[in-house]
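You will see two complexes here that share chain A, one where it goes with chain B and one where it goes with chain C.
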Partner chain A sequence: MAGVGSRSGVSYDARGLVEPHAEMPDNIEVDGGRARFDAADLTIRQINMALRKLIYNDGIVDVTVLNPSSKHSLAVGILKRCRIHFEGSPGWFACGLIDGPEVTINGRVGWSLGENMMSGVVVVERGGGSLTGAAIRGGDLIVKGDVGARTGIDQKGGTIIVMGDVGINTGFMMQRGRQIICGNAGANLGDSMYDGQIYVAGRVSSLGVDCVPGEWTDADAELIERKFRVHGLGKPPQFEKFVCGKQLHNYDSLEPSERKLVI
Partner chain B sequence: MAGSASKGESPSEIRTVAIDAEVLAGKRFPYQEDISLVADIDLLAATPGPDINWLEDVTLLEEDGVPAVFDRYSNSFLKIYFDIPEGSEDDIARKVLIKHLVDGNSYGITLKDVHCKFPQVELGPWVAESRIVGENWKPTELEGWTAPQAH
Partner chain C sequence: MCGIAGVIHRDGTADIGAELTAMLQAMKHRGPDSTGYAVYGPADDLVVIRFVLAEPNHSTGFGMEERLARNRMEVEARLAKIGAEVATVTNDTGYAFRATVRYSGELKPLADYLEDVPGCEVLSLGSSLEIIKDMGDASTVSEQYGLGSFRGTHGVGHVRMATESEVDLASAHPYWAYPFADVAVVHNGQLTNYHQWRRRLEQSGHRFQSECDSEIIAVYLAEKMSGGLSLETSMKDSLDDLDGVFTYVCVTGNELGIAKDEMAAKPLVLFESDELVAVATEEVSIRTLVKREVETRDPYEREVLVWQV
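Entry: the complex of A and B
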């Protein structure tokens, strides 16, 4: 559908495209199946357009983005296996909705890293903001520094690994999946969680409603050993496990359509 | 019974309240009944990262009393009718699901061709290459329908 111009120069169409400057960047260096470009002077839309063109249309499997400059919503909605490397720090909502990419970020990230991520791997060398892994459904999300509050809120699958501390309300309303926290956890850990496992190596300020210590099993030890090994995270520390006490929510009483929302 | 089609029944003849993959597709797929068709599926190759990644959350479930795997791409259960060897329940469930996705039979994926508003791969990360859909999206129009006059 053709865009409709306006006096401001902003174009839009029924799909909601509103950001100007939709020109493809001309500073992309391609070398075989690899590409790199400097994002310092590009808009968010230009950066994401370039990523999609390179990965979807040009058969590029490895893209390096230099100077993301804390711009928001970078590398969202990429639905194909590929490698993306950010040399610098993206802003909010980086790598949201991805299904397949393996992303490395040599920097820190803002709020909502990997929000609604379906599959793939995201590794952040430094820290993250609040809402890291919000509503994540699958894949591995690894932050080597500290993260803010509400990590893995509404988590429906996947594994979140934080090598540092996490803030308050971590795992709030978590429904499935796993969180491996190597540092300390803020107040209300696992508040109102439905299911899933939270492993904490450090001190827990307080447990949230219906979050209780869980029984350690061989499967827990296998999971943690495997995740640390395959991602090169060194020797895992000793963890304590926390799960849902099943006093607040109970899947057994849900209608089938409701149950499907959380599996 | 809620939407299940046992052996010999046509899925289209079944009234359903649940969402069943074979009801959505209008047919049952061979790999739901023959374990040999999923034996060679390589789960590590089909998933990103060094382990099975998102398939970690896929386990063998049960729907209408039949073993089933949940297909998150169509929000439906894919029932498994063959005997599953003890101890490999989750592994088989994952292989059946990946076979379903690789073959492009997930109902949600079949909708992409018409309804995707933005260019994207038709199939997902479980295949190396896939055609692009959504490059020329147009709003769906009902045949014979005209927009009402503005007030």
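Entry: the complex of A and C
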């Protein structure tokens, strides 16, 4: 069955599973510490194999991937400091679980960009799908266009900056970290959040359960100005701050082990 | 998890059979169990009927060939009896047929009369709509039914991963909005007030081909439109009336519309140009059609968009 569906660059085995195609691509150009290759005719597995070999085995610190063609799960799990450039649009789950890379994407992205990312920087020149920055632990994730619903759901750290609008349930159950939204925010912003800060420059359709306006401090202004300066995003607009009201979850109770010690 | 795709050409006919096949095959990972198409060719005076006389899973066995031949003759006899002049009957597989007839009467009695033949299920009826669906991936179904050469203005497709109903033809999308001509729906999601709406629509005289929740949407919309509402208004009403998480695409003889539920829980990507509108669950599907970097976007929650041919 190999080759079925190859028009899209994706093929499947007889069970309907994605065909592994484990051959290393032969179109990689290396120049010193830099490398580039065209991913148009490569499978997802081949692209990721090439990235890992170049970064981990060959000591390459700067890789350019041409024509990712909206393929899924690219540059996932790279745990080393390096630079990766996508000339085009990756698909879903791009840059998930990364720890260290600086990634630039000269296109848009599908759902779940940078899911569970631990550190590093991801900059997307256009928009993104839903679940952008889901459960990120650290690092900076910047999208210069609009993104879909549930941005930063379950966020545990790091900073998400969206220069456009965000959809419904942004910041749902976020636990730590910051979201800086330059456009409008859909309904239920910060619903059931535990902690963290959400800054919105545009209109907020509605606040979610236990999300309340927060007190603006100098530290907030300093943080936003620094992030905009570092990433070359221009002059930041005026933001409103939203935080957790701390009424929904039981914050004042001690953990069972602590309670035992007190007793 | 399923994958849906739709395409509408604003500047005339194109190879929509081949286009939808490529789009759906790129999303095979979203559902390899069955694949379906609702494609619209040029409308003419003939009524096109797509029907099956057996489930693919039960289309072989002792005496089945004779039974299928007997039932096919019965269908043709009934067509003649109800006043439909048969122009052509072709057989794509042993159990799936395409008939064109000259008929100016009501479609509901025609569909009901045909479905009275044992094993007969009318997949679609209309002047330009043709629903083709079967087990397997898009390439398999397309090859089986010769869809590579189908030319038309618009269409939708669906790849299905069975989660809540059988892997069979009755549960495969698209769904024709029985008994309304030229209306079909593909859906990704789950409807949680399915039984409530099914009872309500059955009491209004509608029948359902399957136990699949998605069929509700097709019949719901068609009933609204038969009451004089536009496709867009009907789809907007559905956002309040249907519960659950869903993204669906509805097609009529000259329109294609998309609707996303209030939670925006199910994905859809949209590409629009002067010549073409393409929608799909994943952008990788659209990229089979437009082989360059394109400006796409994810429609937001409660968005309803309709395009004309």
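As a working rule, the second predicted complex is superposed on the first by the 230 of 263 C-alpha atoms of A that agree within 3 Å, B and C clash if a C-alpha of one lies under 4 Å from a C-alpha of the other, contacts with A are read in each partner's own complex, and residues count from 1 in each chain.
Note that in this section a contact is a pair of C-beta atoms (placed from the backbone, for glycine too) under 8 Å apart; a residue touches a chain by one contact, two chains touch by 3 or more.
Quick caveat, the model's predicted, so the values are computed rather than measured.
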| item | value |
| --- | --- |
| Partner chain in contact with A:199 - chain B first, chain C second, else both or neither | neither |
| Chain B versus chain C as contact partner of A:242, first or second or both or neither | neither |
| Touching partner for A:100 - first (chain B), second (chain C), both, neither | first |
| First, second, both or neither for A:231, with chain B first and chain C second | first |
| Contacts of A:91 with chain B and chain C, given as first, second, both or neither | second |
| Which superposed partner A:37 touches (first chain B, second chain C, both, neither) | neither |
| Touched partner set for A:148, first chain B, second chain C, both or neither | second |
| Contact footprint of chain C on chain A as seen in their complex | 4-5, 7-8, 10, 12, 16, 18, 69-72, 88-89, 91-92, 107-108, 110-111, 126-127, 129-130, 146, 148-150, 167-169, 186-187 |
| Complex interface listing, chain A residues touching chain B | 1, 14-15, 52, 56-57, 77, 79-81, 99-102, 118-121, 137-140, 157-159, 176-177, 226-227, 230-231, 256-257, 260, 263 |
| For the chain C and chain A complex, residues of the former touching the latter | 22, 25-26, 28-29, 32, 137, 139, 262-265, 267, 269, 282-288, 293, 295-298, 300-301 |
| Residues of chain B touching chain A in the complex | 2, 17-19, 47-51, 53-54, 56-57, 61, 70, 72, 75, 117-121, 124-125, 128, 130, 132, 137-139 |
